[in-house]
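Several structures are given next for inspection.
In the two assemblies presented below, chain A is common to both, partnered first by chain B and then by chain C.
Take a look at the complex of A and B:
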């Protein structure tokens, strides 16, 4: 009797050990996710003696997708200007190439094909959405603004982070000092970064105003124009997050085979040739992963647009997270949850697409 | 100068402490061991006097007061979340009385009626009738202690107007005319051109009250009971007509004569611009009057005048939606043919107590608000610019000594207090919106639409449509009949 019991306990040991973690995840992650899912299809209302949460179906989603808040979430639609057609075309090319690569791998599954079809449709739809709202008579909604922060912002951060990592990987004097300096913004809390950047970007009264005046930018009112305000938000975000990309890529570059680089150098290969044929293939999987992590993070941007511009001018710099937050703080908990769930859907599909169309092919190519 | 202000403030605080001890006869240690968590907005105004006087109150009663601050735009929801979730970590709060409806209905706020009736030290009869009878009350009961009197007014630079040969603005057309003439003039002697008008227009801040101040006189002309937000027949918004259009045009035009980044300026920013001498006109609460005499910041001491919010000679005909000329029928309260409708924007920061706090804590929280509001303290605080507190007691309007001691000339004090009194006593005063979820109407729908218009995202027609549709949607979601009943009740209909 004693032996079967101890054997049973042995068999259950792994489950028992993992149980506290499962309970903690259920309590702190899954439970709030379920509650917010319920809130997304409900209306919260204060009533005598407390509050009431009433089921209203898909009305919160209808409001942001086709109703009175469509301008806020999706944007204001207008005829697509000729130059903006390039966005859906680029998206088509991107997903077409990704699908072709997938179909030629010989490992096609039904689930994989459905997933990629959803990803492809969403990417083309989002690109078309931006094209249809970015014209002179249109207006970008929070979905498009967030995508800009993700696509343009992260691309810019990646290129600069890679450049800095390449520089600091060289045997130059003082590179240890520069490594530490480049890391500093990463240590600062995002709100601190936002306030610091707000001071620095104040053209008329900020500490850098003499410099801006010297450069002829003293009268620039970036906060009054949508595109310049978005640019300032992206520059602030880059200032904070380039160090993260820099440090990861620097580790990858320094981890590459020195023999190969030295041999190529001895054979007369130049910097770009070495980078293209040796360094990039070596660091590409790490680069793809670091971009994926940044993409997921960038979808959640809130501190900078909230503190720099409060989402303005108009709604020009408002991200999806800030959109959700503004609903929440004015008691529209259902609307807030609906925006948050839409963000979850878009960021998940986008990140999975990035993994399927970029990260995986890069890894496969290396093997 | 700075030390003079410190001495003045210190002496006043000491005197106030002694007076309060004597008047109230409070036993030291009455609230020994009691801690009161009070939430308000980041400020520094409003939070400053609470933080400065909390140690004095602790010495007096033994109660420790923790002042917790959050950004203005978060305050409403932070309080609701804490109280609705049953966390109750906040024992009391200093907030906008117009939010009271959302806190009282679910039972989060303590009824203070009997406490105030029994509190002689508070001198409730000294509180101006508007705050005593309207701002503090909901459903006939008192839920807050007034700490601040809020009316928006127009401030002007007396020296600039004199130089331009202009009179203080009586109408919004006058305001535009002065702003246009003053734009680009050097008003602070730094050799650079300054601004005709400085109005805070930042989104998600406190800017949305300005458009109501401008629209008020166009929309309401037959007395406070008429209301200026909705038609009292069917709760349809008064935001899609010639009157509101004209108000939007004026608001948009003021931006032409403002600082280049005006749409990203909060009230603190425009106040600094005004007191540093860079603006000819401003639309603001009472704060500029006292900030202008702050020797540490102001360059415009004794150069500032204040007037009741400008009015208009044409008002809305609600039947046709058109503007019609003022006459004895359309504008019964007009002065010299100009209809004024001063706006009690916000209603003045007020203290309320969490109904679910412990009894001893509730008593201490109330005692703290009473202490803050008693004339010994408040009559000093309203004269200090950085407190953010503006006059709301009758004694604060009568005694000029306290204003002169604070550094205001007699003429300036009379002018400043006169402008507030003109607003307070006006039978056509515009009451702020106090229906359930009023924050959604003003801070979300109105604020977003106005911000989009200023950013060039919406035309004036589209702005009117966005506000009208948004308000109608909110009304239908919450319940048109109940909202109409609540609206009429706040107007006394």
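Take a look at the complex of A and C:
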């Protein structure tokens, strides 16, 4: 009996190797994705002895886009303050330049044009959305807040991580020590990071409270102001994720060829020249990939805002994942799925655009 | 160091001006402080009494305040099982899901790097359509889910044997690889709801199994990605000669490939383990009491009387101590694993 079975297994080996992974992903990604899609267009109600799911069309999306929950998802609209006009203008300039470059290459395809149109429209729309809700009478919605965590947070993390990696790549004693120490925050559970930063940021009893008193800020509570609360969330996130960017970039910098750098420094090139002309072109593909990974993960942020500020004050620090989770907790499964799907749409378009228009060109420029 | 010489000769290659060196040390030292101080504060807070958490802050145990074990006694003796159970839940869930994820992931990665697959586009499309049909039938048509699944499978086999054969277009290994990796873009919250409902139907909510299977899957993209990049670099001559000797794929994989891939395996294992150990959102959905994991226990400490910093600090300390120790001990592998994904990606 054993022989035919084992022979059969051997014959099917090619399939059996990949089957478990494909089945697991189908069961836990594709199937849930379809169910979520259905939930997003239906209403979930608890009834006597069970629940009922009823198809209601686009009402869930209507609610968060134009209806009673618009303030929560998109934000409260207000006249655009003068300084905020720069956001949609910059987005238009950026997108316009990209599109013009694309149209002048002469390799325009239908699919490529559609993809670029979607990316361009999303970028301009999101920039306008932030501008239209950031005024003194407006209020940012969860879309804008999540985008801020992604764009501002990741840029900041990237610059600091790159700077630290550059410094740590110099020939100095104790590099090994710094490298290990700088890596630690990556492993700390995000829930723990959130509580630790609540302690650190406590302005009345925290370790920095004497400093705040000295500066006359002892009575300020960061948790009651939208901007400072967001800042604290971003600082916590940066503390956790700078190590990731740091380690990868450090390895990339150390992997570059030494001779070129030495030849350049013999020629009298300074630190900046060497960085700009030799190091940066060499590590750019890795840098682009690291940023892509961070962007993908940053869209999913929930632990920090949930525990540091509970999404507050009001909804000032609420991310899209937290928004969706709050709906789920109140048994609004349809709304929860609608928010989750919107997040999926934004993060997919954003990540795929970043991959196609930043990571790929940088990689092919290198080759 | 010869001070007189350096006036006349250019500095040696790679040698820095003292000012630059001091500047670099200052920045790196400052960042080391930024990294370590919060952890130090966390650690000493776990030895504080409630009365010690007040203004002015107390920084140094024994000098500023008398360290007390009361928080530690509380979480280990008074809470006892309420601390230990989540802790062991976390250990069980993280370890088993990581073993499964890395195992299944490296099998798939090996297959994708050595065997050519050609799934037909037509079969994939009809699979998705039938799956969608089953979902709608169960949710909207109130068809029993077992019946709907059976009908769906039957339909799929039927279509596969007849219509789908006519489609010649197929996808290749790079497409499959990209498909698996791109699952990482999927925000967990999109999948969490249906997974919750699914486990509810299977009566598996709040069990280790539910968490293990879910974590295994959400970490599969990372396992496959890292192991693929690693296995592509492993030379194939040994495998080929084993194949000529008539060894089966499984023998080759477990006997030859896995031992060669040990560094990659360790790196992947560590990264996935840490992700599973720290996971929060899905645990929030899938575990309520019995299978509660550490992140949920810690998050729940935000009681009505305000956060109890001293208990919380002790809990967070025991949660992060093992992973920080692992990191310090095996940092080479972790750096390698992270680089593996980012460089070739």
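List of remarks:
Rule of thumb we're sticking to: the second predicted complex is superposed on the first by the 331 of 367 C-alpha atoms of A that agree within 3 Å, B and C clash if a C-alpha of one lies under 4 Å from a C-alpha of the other, contacts with A are read in each partner's own complex, and residues count from 1 in each chain.
In the analysis below, contacts are C-beta pairs under 8 Å (C-beta built on N, C-alpha and C of every residue); 3 or more make two chains touch, one makes a residue touch a chain.
Here the structure is a predicted model, which means the values were calculated and not measured.
Contacts of A:117 after superposition on the shared chain: neither chain B nor chain C is touched.
In the superposed model, A:103 makes contact with neither chain B nor chain C. By the touch criterion defined above, A:204 lies against chain B and chain C together after alignment on the C-alpha atoms of chain A.
Shared-chain residue A:326: touches chain B; no touch with chain C. Of the two partner chains placed around the shared chain by superposition, neither chain B nor chain C is touched by A:86. Touch criterion not met for A:215: it reaches neither chain B nor chain C.
Looking at the superposition, the partner that touches the larger set of chain A residues, chain B or chain C, turns out to be C. Touch criterion not met for A:159: it reaches neither chain B nor chain C.
Note: residues 204, 328 of chain A belong to the chain B contact set and to the chain C contact set alike, using the contact criterion stated above. Interface residues of chain A facing chain C in the complex, by the touch rule stated above, are 9-10, 13-14, 17-18, 20-22, 24-36, 38-39, 42, 53, 55, 163-164, 167-168, 170-172, 178-192, 195-200, 204-207, 209-210, 239, 243-244, 247-248, 250-252, 262, 265-266, 285-286, 289-290, 292-293, 296, 299-300, 302-303, 306-307, 320-321, 324-325, 328, 333, 336-337, 340-341, 343-344, 347-348, 351.
Interface residues of chain C facing chain A in the complex, by the touch rule stated above, are 13-16, 21, 24-25, 27-28, 31-32, 34-39, 41-42, 45, 53-57, 59, 104-105, 107-108, 110-112, 115, 117, 128, 131-132, 135-136, 139-140, 176, 180, 183-195, 197-198, 213-214, 216-218, 220, 224, 248-250, 253, 274, 277-278, 280-281, 284-285, 294-295, 298-299, 301-302, 307, 309, 312-313, 316, 319-320, 323-324, 326-328, 331, 334-336, 338-339, 341-343, 345. Interface residues of chain A facing chain B in the complex, by the touch rule stated above, are 43, 45-51, 68, 71-72, 76, 139, 203-204, 219, 221, 223-224, 226, 309-316, 326-332. Residues 73-74, 76-77, 80, 84, 102, 105-107, 202-205, 259-264, 436-437, 439-440, 443-444, 448, 451-452, 454-458, 466, 469-470, 473, 477-478 of chain B are the ones that touch chain A when the two sit in their complex.
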